[in-house]
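Alright, structures below, take your time with them.
The following pair of complexes shares a single chain, chain A, combined with chain B in the former and chain C in the latter.
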Partner chain A sequence: MDETVAEYIRRTVLKIPRDEIKMMLQKWGFLSEAQLQTLNFHQVKDNISQEVVQLCEENSADIKQAAVLDIIYNHIYQNKRMWRVYQMKKSGEELEYFDLTDFKKKFKGRLRSTLKNVTITFREYEDNAIWIRVAWGTLYRKPNQYKPSYVVYHSQTPYVFISASMLKSNLPLLCQALIVASNYHDIREMELRSHSLNSLKDIVFKRYSQNFQTYHPKPLQEGNVEPENEDLRIVQENRSEKERIQRLNREVFGDGPQPKLEFAQYRLETMFKSDPKMDVLDKKEPFRCLVKFSSPHLLESLKSLPAAGMADAPLSPLLTCIPQQARNYFKIREKKGLFPESFVSP
Partner chain B sequence: HLATSLPLPSERDHLRPRIDLIVFMIDIKSKYSLKNVEASLAYVDARFFLGKVCFLVTGVGRVNYCSIETNAICQLGEAYRSPVLFCELELEGIRVATAQRLLRMLQICAGHIPGVSALFFVSLMRNSDDD
Partner chain C sequence: GVFAHLEMLEARDRREAVEQEEKEQREEKLAFLKSRLRELRLQRDQLREKLDRLEKGKVGKEGMALDPAHPGPREVLEWKIRSLRSLLQVFHLTGISGKRSRRGLCLSLGTAFEGSYLDSFHLELPVRPELRIRRHSIPAFIPLEQLSREFLHSDFRSFLGRLCQHLNGFVGRRLQVELLQEHFSDWIQGTLHRNSLCNLLTFTYNIPGNSRSFPFRARLLYRDPCRSLPTEVTVSCS
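Moving on to the complex of A and B:
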């Protein structure tokens, strides 16, 4: 077995928390159950990984199998990576029947025709997700297994999720291979990024609970403002305001849990508006400014701001449009024309 | 009665009993909270400031998150001749102790303690500079 493969397997096993190693090796299926029995999972991880490498040596593992173990690890710990969303466009034809083998062949063919030194691994999962792992090399160097890119493609949708730690020059190649393999004709990056892959999927597949426009007043029977405040001796003076905020929140955010995003970034290219007497900026050029909101769970925290009294309800549509517009990176420019308001541009 | 700001909504005027004590809660982590209290003070009748108003500053346990100078709050207390209490709601012991203090103050303001009235709080506020 190649030394580099042995080292790669050893390092991959070291990444796995000790309690999960057995489960992941079983999922991998490369070592037999009998071999797994011989492993002592109660020792130091260093020793466990050495023993695993020895067993792999017996089975003559090569880089292809090692790559599968890496995909399994990254599928379970997908939230450690930053994912970007891409959307593919068809030239207007009907959706053709998706053939997985054909897809794989075309993908590999396309990449390999430009770059001989790549390691490409596929793995399919139950939710129709195809995971692709690509390790990149150059004309003269073998692929760097420690900085692969991961692509998640749901064949019934035009969306691709990419987590890359690669040279910028390899990204167009990857995109090309994807559209060729999936019979689309164009691909563009959406302004949507997050660590939570499932949340990104929720947003683009519209799986989160959305607000449905109701044009008649909804009787809020179940809308209790303070469920824990059963003490009748406490009187809420601003109950109607609290209910208004709850109602607005519900209309904007819906009832269910929000998709998990960590950032919202607004790049402002608007003019600085100040009192002309103050004369702060006499040059009439856009005031460049970057506003970034970050949070462990951005949308839930935005949702809780009005109720906590930290923001006025309704919240700015620039914040609340994030899931509907499927973006969390915005560029705000000056609207040219009579009304100097700002508008959101792609 | 809990309210987020003053004045109180007028539609509930007929349901409200006599008000004996107003406690203005200021979250030391939020400048907005201080502004809100300052704005609400304008709606309080002058008679309340004879011992029936108190400022309660919360969140003092988290020293790193203070947004308001304690100086500013003490000046507020002096300007309105009202006591300022500091507490940390997240600690049960302090929470309970503060509640007990407020309850005691309320009993006095409501006239339940014979021989002691709310005016005593005003006299307690006098500091040594006042002479």
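Moving on to the complex of A and C:
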């Protein structure tokens, strides 16, 4: 077995938390049950990884199998990476019946035709997600297995999720290969990024809860009503206001959990509006500034702001449009013309 | 003598006075009780009268209510609400129902397959300044953009009809895949490969219990996205 492969396997196993090593090796399926039985999972991780490498040596592992183990690790710990969303555009009108083998062949073919030194690995998951791992090399250098790119694609959708740690020059190659393989003709990056891959999927696949007005009585979710301790001595002075806020929140955010985003960034290129007498800025230039909202769970915290009394309800549409517009990066410019209102650029 | 006689007369007098007093007391009490009796009797009569009046009045009211030819306004309202609710239920059963809100038109598209009601999808369409889709919950692999480009402004009915067909086709295919995996889990070997639209399925299966058979490989292709039956089926044996 190649030394580089051995080292790569050793380092991948070291990344895995000790309690999960057995489970991941089982998922990998490269080592037999009998071989797994011989491993002692209670020793120091260094020793475990060494033993694993020895077993892989027995089975003559190559880089392809090692890459599969890496995909498995990154699929389980997908939230450690930052994901970006790309949207593809179709020119033709034909409805294809996506063939996975066809897709893989075209993708590999396209990528390898430009760059010989790449390692490409595919893995399909239950929810129709196709994971692609690409390790990049150059004309003269073998692929760097320690900085691969990951692509997640759901067939017959125009969206691709990429977590890349690659040279800027390799991104166009990756994009080209994707559109060729999936029969689209163009691809562009959306202004949507997050660590939570599932939340990004929820947003673009419209899987998150939206509040639509219907006549059909939806089963009322009793969980929404706060179980207040009905102490009769406490009088709710602003009950109507509380209810108004709750109603507005439901209209805007829906009933269910929100997709998990960590930040929203607004790049302002608007004119600074001040008292003309103060004359802060001599030049009539747009005041450039960047406003960034960060949170472990941005949308849930925005949802709870009016109820907590920290913001007026209804919230600004610039904040609430995030899931619907599928973006968390905004550029706000001054609208040129008679009415200098700011608007959000598409 | 004389004193004894006088004492006797005095005693007699006292006795008679006491008796007289008692008699007067008794008569007083009697008179009081008699008047109390008269009072109670009067009260009783009044209550009886009241009861009679009430009973007569009730009968009178019952006599009035049972007149179906002239329903009261409340009955009319209740009937209206009932029939509207049934109408909404009927619309819901057809699969397309809508509601006008201040944001425009909100459509709910329900799907079903062979008697099972499945998912509902929604569209929010503002009408002004022009008809467009503002929000929706249509999955990304349904060609919504293509359909709206072609039909939304030219033929709205076709747009809805086709969209419903696509959705129903997808939901029907998906349900069939789930049922296949559930009911024939011991026939299918390995994993069943499908795509997002469930219009291409490939799987390997074996007839259980028949040790002499070898695995078959099936490939189902559904060329028509609106239908839940395949157009091409290939079964091969390796």
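The criterion applied here is as follows: the second predicted complex is superposed on the first by the 330 of 346 C-alpha atoms of A that agree within 3 Å, B and C clash if a C-alpha of one lies under 4 Å from a C-alpha of the other, contacts with A are read in each partner's own complex, and residues count from 1 in each chain.
By definition in this document, a contact is a pair of C-beta atoms (placed from the backbone, for glycine too) under 8 Å apart; a residue touches a chain by one contact, two chains touch by 3 or more.
Keep in mind the model is a prediction, meaning the values are calculated, not measured.
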*So if we stack both complexes on chain A, do chain B and chain C clash, or do they fit?*
fit
*In the superposed arrangement, does A:S240 touch chain B (first), chain C (second), both or neither?*
first
*Considering only touches as defined above, state whether A:M310 meets chain B (first), chain C (second), both or neither.*
first
*Looking at the overlay, does A:L100 come into contact with chain B only (first), chain C only (second), both, or neither?*
second
*Of the partners chain B and chain C, which touch A:H154 in the superposed model: first, second, both, neither?*
second
*Looking at chain A, does chain C or chain B touch more of its residues?*
C
*asked:* With both complexes superposed on chain A, which partner does A:E285 reach: first (chain B), second (chain C), both or neither?
replied: neither
_What does the superposition give for the shortest Cα distance from chain B to chain C, in Å?_
29
_chain B and chain C contact sites that coincide on chain A, given as residue numbers_ = none
*Using the touch rule from the top, collect the residues of chain C that touch chain A in their complex.*
88, 91-92, 97, 99, 101, 106, 108, 120, 122, 124, 135-141, 143, 146, 193-197, 199-200, 221-223, 225
*Sort out for me which residues of chain B touch chain A in the complex.*
1-5, 8-9, 12, 30, 32
_Parts of chain A lying in touch with chain B, wherever the complex brings them together_ = 234-238, 240-241, 309-310
*Once bound in the complex, which stretches of chain A touch chain C?*
93, 95, 97-100, 124, 128, 154-159, 204-206, 210, 212-216, 324
